[in-house]
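You will see chain A twice below: alongside chain B first, and alongside chain C after that.
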Partner chain A sequence: MSGNGKQGKILVIGGGISGITVAIEAAEAGCSIVLVEKNAYLGGRVAQSNKYFPKLCPPMCGLEISLRRLRANGRIQCHTLAEVEKIVGEPGNYRATIKHYPRHVNENCTACGACVDVCPVERSNVFNYGLDKTKAIYLPFEAVYPQRFVIDGGVCEGTSCSKCVEACQYNAVDLEEKPRTEEVEVGAVVFATGWQPYDAAQIENLGFGQYSNVITNSIMERLAAANGPTEGRITRPSDGKEIDSVAFVQCAGSRDENYLKHCSGVCCLASLKQATYIREQYPETQIFIFYIDVRAPGRLEDFYAARQEDEKLSIVKGKVAKIEEDPATQDLVVEAEDVFGGGRVSQRVNLVVLATGIVPSEVGVDVPNGLIRDEHGFLVAEQNQPGLLVAGCAKRPVDVSACMRDATGTALKALQNCV
Partner chain B sequence: MGEEKRIATYICRGCDIDKSLDIEALRNVATNDSGIEICRDHPWLCGPEGIETIKKDVNEGAEAVVIAACSPRAMTAAFTFDKCFTERVNLREHVVWCHEPNNEDTQMLAEDYFRIGIARARKAKRPEPHLEEVNKTILVVGGGITGMTAALEAARAGYQVTLVEKEEHLGGWLTKFTSLFPKRPPYRDPQPTQCQEMVAEVEGHERIHVIKGAAIEKISGQPGQFDVSVKVGSKTVTFRIGAIIQATGWKPYDATKLSHLCYGRSPNVITNVQMEELAGNGTITRPSDGQPAKSVAFIQCAGSRDAEHLPYCSAVCCRTSLKQAIHIRERNPDAQVYILYKDIRSPGQYEDFYRRVQENTDIFLTKGDVIGVEPIDGDRLRVDVENTLIEPHIQVDADLVVLATGMVPVAADGEAIRALKSARELIAQGEEGAKLDAAKETVVKLAHHEGTEILNLDYRQGPDLPALKYDFPDSHFICFPYETRRTGIYAAGCMRAPNDTDACREDAAGAAMKAIQCVELSSQGAAVHPRWEDRSIPDFFMQRCTQCKRCTMECPFGTLNEDAEGTPQPNPFRCRRCGICLGSCPERIVNFADYSIEILSSMIKAVEVPDEDEEKPRLLGLICENDAYPALDTIGIKRLRYSPYIRFIPVRCLGSVNVVWISDALSRGYDGILLIGCKSGDDYQCHFIRGSELMGTRGENIQEKLEQLVLESERIRVEEISISEYGRLQQIIDEFAEQIDEVGPNPFKGL
Partner chain C sequence: MPDAYLVKPDREFVREIIDLGGESLKQCFQCATCSISCTLSPDRHPFPRKEMIWAQWGLKDKLIGDPDVWLCHRCGDCNVTCPRSAAPSDVLAAVRDYTIRNYSFPRFMGKALGKPAFLPLLLGIPAVLILAVLAGLGTLNPPPGDVEYGRFFAHLPLQIFFGSFVALMIVACLVGVSRFWKDLNSRISRQSFNQSSTTASTSSVGTGIVGAVKDILTHTKFRDCTENKNRYISHLLTFYGFAGLFLTTIAVVISEYVFHYYPLPLFHPLKIFGNVSTLAMLVGVTWIIYERARKQRDTEISTYNDWTFIWILYAVIITGIVTEILRFVNIASVAYPVYFVHLVVVFALLIYLPFSRFAHMVYRTVALVHARYSGREEAVESAEQ
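And then the complex of A and B:
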């Protein structure tokens, strides 16, 4: 190989869209990658999303291309169900300890599904925020990578059952697999540890967790997805009925000293996008969006402008104070300010969607001199050592496109430390 | 037979395949029908023993292997063998998981797919990489914060950089700013620009060559071999580089168009850029009389989010005004500041900065619609605001009004410039009638592009990147923001989208990464995103070229130039291997080693079409391998069913479908053809930009062909689906099968 092609090795922590992108971009420039993801699959939050704003295109489309590049690239070593515990060393020379959790299904698995038919145990489906169930041995979703089953060790009856072991023709099930650790040597580390939805049950007065027809924006993504718990039909969780009115509550817990002080940057557009999900299925449904400021930067303003054409979509400037359920109908009454409508409104709706924000994921990795976070828990861009880098929503709440750009650039910075 | 390629074939019996199919009959397809010696079946082909069996055959000289098992999207690594062409036949997801087991039609489907795979393995060659000497220097155009960052990031990674700046100094807008809004916790105080330090680092870097006061005269060639001519003063310098980062930045929206906000009518109405200059000079004063400004009103979205001016949001103006409000309060401690906004946009941690400004009671913020600004009392101004948070109508009197104007990209629309030139040429050539009128109209419409060239690319499709919207250059926008339409040329910073300096720096680093990747992959003869590692390049059999220019016009990436006669001049390193040129060519002279007219024709013809009296229609589905093919896999994984009469063949892009394949299929006796690509239009999802759109236009030729053959137009249908629409795909297939059933058999069947 001529010129300046890079040969270094990079550890990427997190296999969501940012981590995948760092891995592919650096690998295609010649680096070797160790990608560590705690879930059983790659794709993170993007895999759980129904559509992207503003194109309303499916996230799986881009993910498919990225995963194809990843599959075809022999320089990327991918570990799912794994976490990095500890990193020691210095830029250009780190040693990381990776803990592998048991999947109980080894690489022999062909994803034929014979095991599922015989499994007697069900579990709540975390991928769909508990809205449906899978068997204890399950495929996280149909287009999953790696395309391999996984056993939820928390509910599996283990060797006392062993029905899946008998059903598997490929000797792929190992009910006695134990956690193990390994060490890898790398030149740089990228934290692409992503985010979690804010726990909406923390917000007083908005009824999440109390009223079944109050859901979050993350749950709405699953409800609207063709591969979700309702096969994409948006209905009321309490009774499966159709929806003739819905309210989106912006900044649910965000921009609020009591909960999340920061703005999550994407929730306004997410709600405008989700309004299109509703509109596609219900031409007559009345939609309300209660907001403080509508934040649609750059060309995303076009998307906001296009939604304002919808005559049955009311975008109301005002903060929601309280949500209560009418026990008879399980409808919800939203009490809110209406700055321009004169004072307060009390709006009855079938369904409430809380636009909850982005909380940086916990990063439990022990690194030299610790990780530097800001007040909100986001990792700052400049860490104690130049070989420790941060990409995507671990650093600040941004949309997918910004993550892709940031991750691409972070790949370069990681590569600089591997020369 | 002796000279034929040595092919080995394999059938996996696992994953329900042998429960659904007659494996012995399937083996006969390879052995008896195709005369292939090696056909092995295995209960678990992807297991260690199965893989070893294949490896042994490869080591013993098999040049191609046909693996009839699962989807090529599964077990990719296991079924990849060095120095051997691998063809995957998808018996699992496309046959046994979605069709009735042990059924005659299911068996015929499996056998046809096996024949198709064997046909491809026979004809396709493993591409030899196209290797030429590649220059790995990165050219950065623009020396503002984005360009300087890109240069530094590439240089730090060990690459040589040449940075070209049109001004006599580096730094761009950064040199004019007093400070930046806060980038680091606790996100409360504006921070220094550190412009001088950055300029010094760039100018002092051993791997960065800076050329100032320079304009690009011409860039010709291709990635790895771009030849650049730059004019510096009266001299022209020439040099070779490998990839380009365009970071030409932005200019403020022309405030003279905002006379309704009194700009140009009072010296005390200024823009936010002028405010930056004022803020650098101690006390902030009124331009009209030099008196300290005691009250300042900021009008947000001045000419932004406005259909009459800039419809988009420039993303930074809110935070810039917040920062300037703090500056004013520091410099003129008694000043009252008003910020009149539509929405305050301070995303992420910038909310902390907004909160800090809100703590200051002398900075008054309100949402409202500014309806006008008029001079009062000589030097003062009155701003009329409706729909505010306090009253339906308020008036704000101020010494100084600051218009928060937006950003306009400093970019040129290469395709518009090309269209303008072409129209002018037509007029000069003495064109008449409707064509003349159309050309004149084009000239009027595009006249403002005159002289806007920046890169001066010697490309048939125009001298600069094409624009996407509002003059910002093209990119795929969400998933692949650097997927530009000119390979090896990456847009970054505010010329790509309005951004703050942090986002510009990130963008610059990303663009530098893509530029580096481009030169590295080119040096290996490999494609860049999205067909990474594809080493095939289009081969043009020029002796038969009729200079029709379809390929040069249709290539979405500007790969092909033309000579004076209109003969295409390939530039392999610009090529993204989508095959649109192959699809466009009426003479069928464009081919790839592993994807050609002949290969696909032989695959289409490999299918056994039953006679009319058997009442088993045959449908052909040519589908995009990126979206429709995975969607079809999902139908299998979900165990849904569809008509067993259709045979799907994946194509690189719907735009790569040559009309001859349709004729081949019709003359072979297929009753209907379904063409499935990705979404076209403004929100296109096609990775090759316009594949589906091109199929739409070629559709007219296809309909002509049907008319010539006296066939019903319903026999061919073009559909667009996304990867997640597997349910709709299933419906489309079944509806099409029903429709063809109604139309009846193809009269050419059996001829």
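And then the complex of A and C:
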């Protein structure tokens, strides 16, 4: 394992928690790594989360430890704003084509922010699921790695504007940077391509995208996060008002043949966790969780039991089948059958959180004989070749700790396939 | 919490519900979406979620005496929203078929009507009986001359023949329905909807009947279904067509015996009324057949029980129309055989009523009356407001 050439070299696609874990575990074992991330930063969905269940600790904490290990390790080549287009070859001998998209900001950047003040263009902030805006030149979030600004080429007016170029005293801005491709030779490839929240607008009866106070659990993470659009204050998107009542809708689109067939296995705990976000800020707010079945396996059941102590938290068996908005107040009326209570419930609340599920990210990489997916679109563990491996949520919907265990195991498999 | 209830699963019952078209019932995972998407379901103890778990667990006693099964008009709204393709609408239809079979008197008739193997026998019986009567009358070979059905099967023997079988049929209905009513009563005292509802109130059987008949005549519940709007019209046409022909038949018999006014001229109002009723039924049933055939593939199951009833009804209409036309065009060689077939299918339709899908007419009416009598229907109406 010299780390030179393709021997002992691993390509990791995806720089979320799974990809980072594969990279550092394999690198610390002596391999050299090419880590390719589509976004301008590492950390993926974990960076967008507010707290982990069941310990309710901040994800950035663990992520920072991982990133420190990553930076300290000289064997990891990290590419952000890059995508793998094509892979050819066989186990131990792959050639991958990587496309680099322009960041327009080079490593001279000190993240001082002088460019932001002069930038005249705004863009919807994807990191916050469109809840706020940033300038066309922006820092994805404050603790971001790499700690560099990025320009959204889709909205930037380019050289005709050039105000950021003038404002930057470090010569960090290059508006004429072009996309380029690169080829690397590796012994194994790990797909750690992660997941996306299910598109809640697809669900016909729950009003997402139609009523502004119907949000998803992913959006709730950003609302509750101190670095989010509201600086962590959970308020109504429509009017910024405080919340007296909130309903969590479990299995929103999930376990449903009309939408997303599978169970993502984490949304129950995510909602119980998010109930603590609400309780922390609003001691009196009435919280409802409507469910079909609560999935809280193993030690997570303790967390579930602890939440049931909350007298203002009602956990109601019965799926929400209809949501309607009162146009005057923009409150929402959720309808479900309270199965144990024996009747229909029409509950008026200020805010509705849809517990939407995990959908595997689209993977457009061209590999020999194609990628094998299961019926739900996740990549199966056993691909066509032993040198092509899958880690984390690309393989199945799981929580962060399961991703990290899986990623560590995948790193070991990758080692076996490239040395 | 309800009182402790010892679950005694009846696996044979589950199997029969599956055979009767409820094959999807085990898909249900009790999410209760159906109870909300149903526009007819009341606030307290809504259906069909609870019926689904009773069906899965084989709780026959709970289901066959459950008036809610009959409050469903099978619009299929729940089938569309169901996340598991468990088709609650199909399962309730199967439970209704089972209920009809269960209360059949004599019981073997209910079983025979449900089995394709018995169909030739069931049609053969009226054929042989009618031939025997004709042989007795000596008109097995109809007299030559203009087509006149009265000379083939004389009116008085015809009326006595059918009248006595209809009387038997009514007895069978009454026995079945009284058993059904008894079970409905015992179920309500076990479950009681009004205890927990402040709005519901009970009414007398008399007011219950008035309310139920009003509901049936206006088809209000049918109209509330969203997914299956056109069933409202097709069923309405069939219903009024049938009712119209029923009244016409009685009126013609009165005309013949009381006023000795027979045959009626073609443009007599009663004649026109009868022909319009026939046309309404023809359109209604054709529409029903078309819709069921169209849906058979995906959204809704039509079973053997559905199809035998519908096709026999259709055969009655078609042979009736052809019989009438052949009299005008005066082709004796075809007219009498068609009239014979018409009589056979009329027998199959009317006399097998208590055991076939046709019995829904009786059982649903009784269940609707009971729903008012017990306060269940009040709960439904208050939910709608």
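Just so it is clear, the second predicted complex is superposed on the first by the 412 of 419 C-alpha atoms of A that agree within 3 Å, B and C clash if a C-alpha of one lies under 4 Å from a C-alpha of the other, contacts with A are read in each partner's own complex, and residues count from 1 in each chain.
Basically, contacts are C-beta pairs under 8 Å (C-beta built on N, C-alpha and C of every residue); 3 or more make two chains touch, one makes a residue touch a chain.
Please read these numbers as outputs of a predicted model, since none were measured by experiment.
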Which superposed partner A:339 touches (first chain B, second chain C, both, neither): both
Partner chain(s) touched by A:255 [first = chain B, second = chain C, both, neither]: both
Touched partner set for A:85, first chain B, second chain C, both or neither: neither
Touched partner set for A:108, first chain B, second chain C, both or neither: first
Touching partner for A:56 - first (chain B), second (chain C), both, neither: first
Of chain B and chain C, the chain that contacts the larger number of chain A residues: B
Which superposed partner A:29 touches (first chain B, second chain C, both, neither): first
Partner chain in contact with A:300 - chain B first, chain C second, else both or neither: first
Which superposed partner A:244 touches (first chain B, second chain C, both, neither): neither
Shared chain A surface residues [contacts with chain B and with chain C]: 255, 293, 317, 339
Interfacial residue positions of chain A with respect to chain C in the complex: 205, 251, 255-259, 292-293, 317-319, 321-322, 335-337, 339, 342-344
Contact footprint of chain A on chain C as seen in their complex: 29-33, 35-37, 41-46, 49, 81, 83-85, 196, 383
Footprint of chain A on chain B - complex, ascending: 14-16, 43-44, 46-47, 70, 73-77, 134, 136, 153-154, 156-159, 184-187, 305, 311-315, 343-352, 355, 367, 387, 389, 469-470, 472, 477-482, 497-499, 503, 505-514, 516-517, 519-521, 523-524, 529-530, 532-533, 626-627, 630, 633-634, 637-638, 678-679, 683, 685, 687, 722-727
Chain B-facing residues of chain A, complex: 1-6, 25-26, 28-30, 50, 52, 54-66, 68-69, 71-74, 108, 110-112, 142-143, 147, 169-170, 225-227, 231, 255, 261-265, 293-302, 305, 317, 339-340, 374-376, 378, 380, 382, 396-398, 400-402, 404-413, 415-416, 419
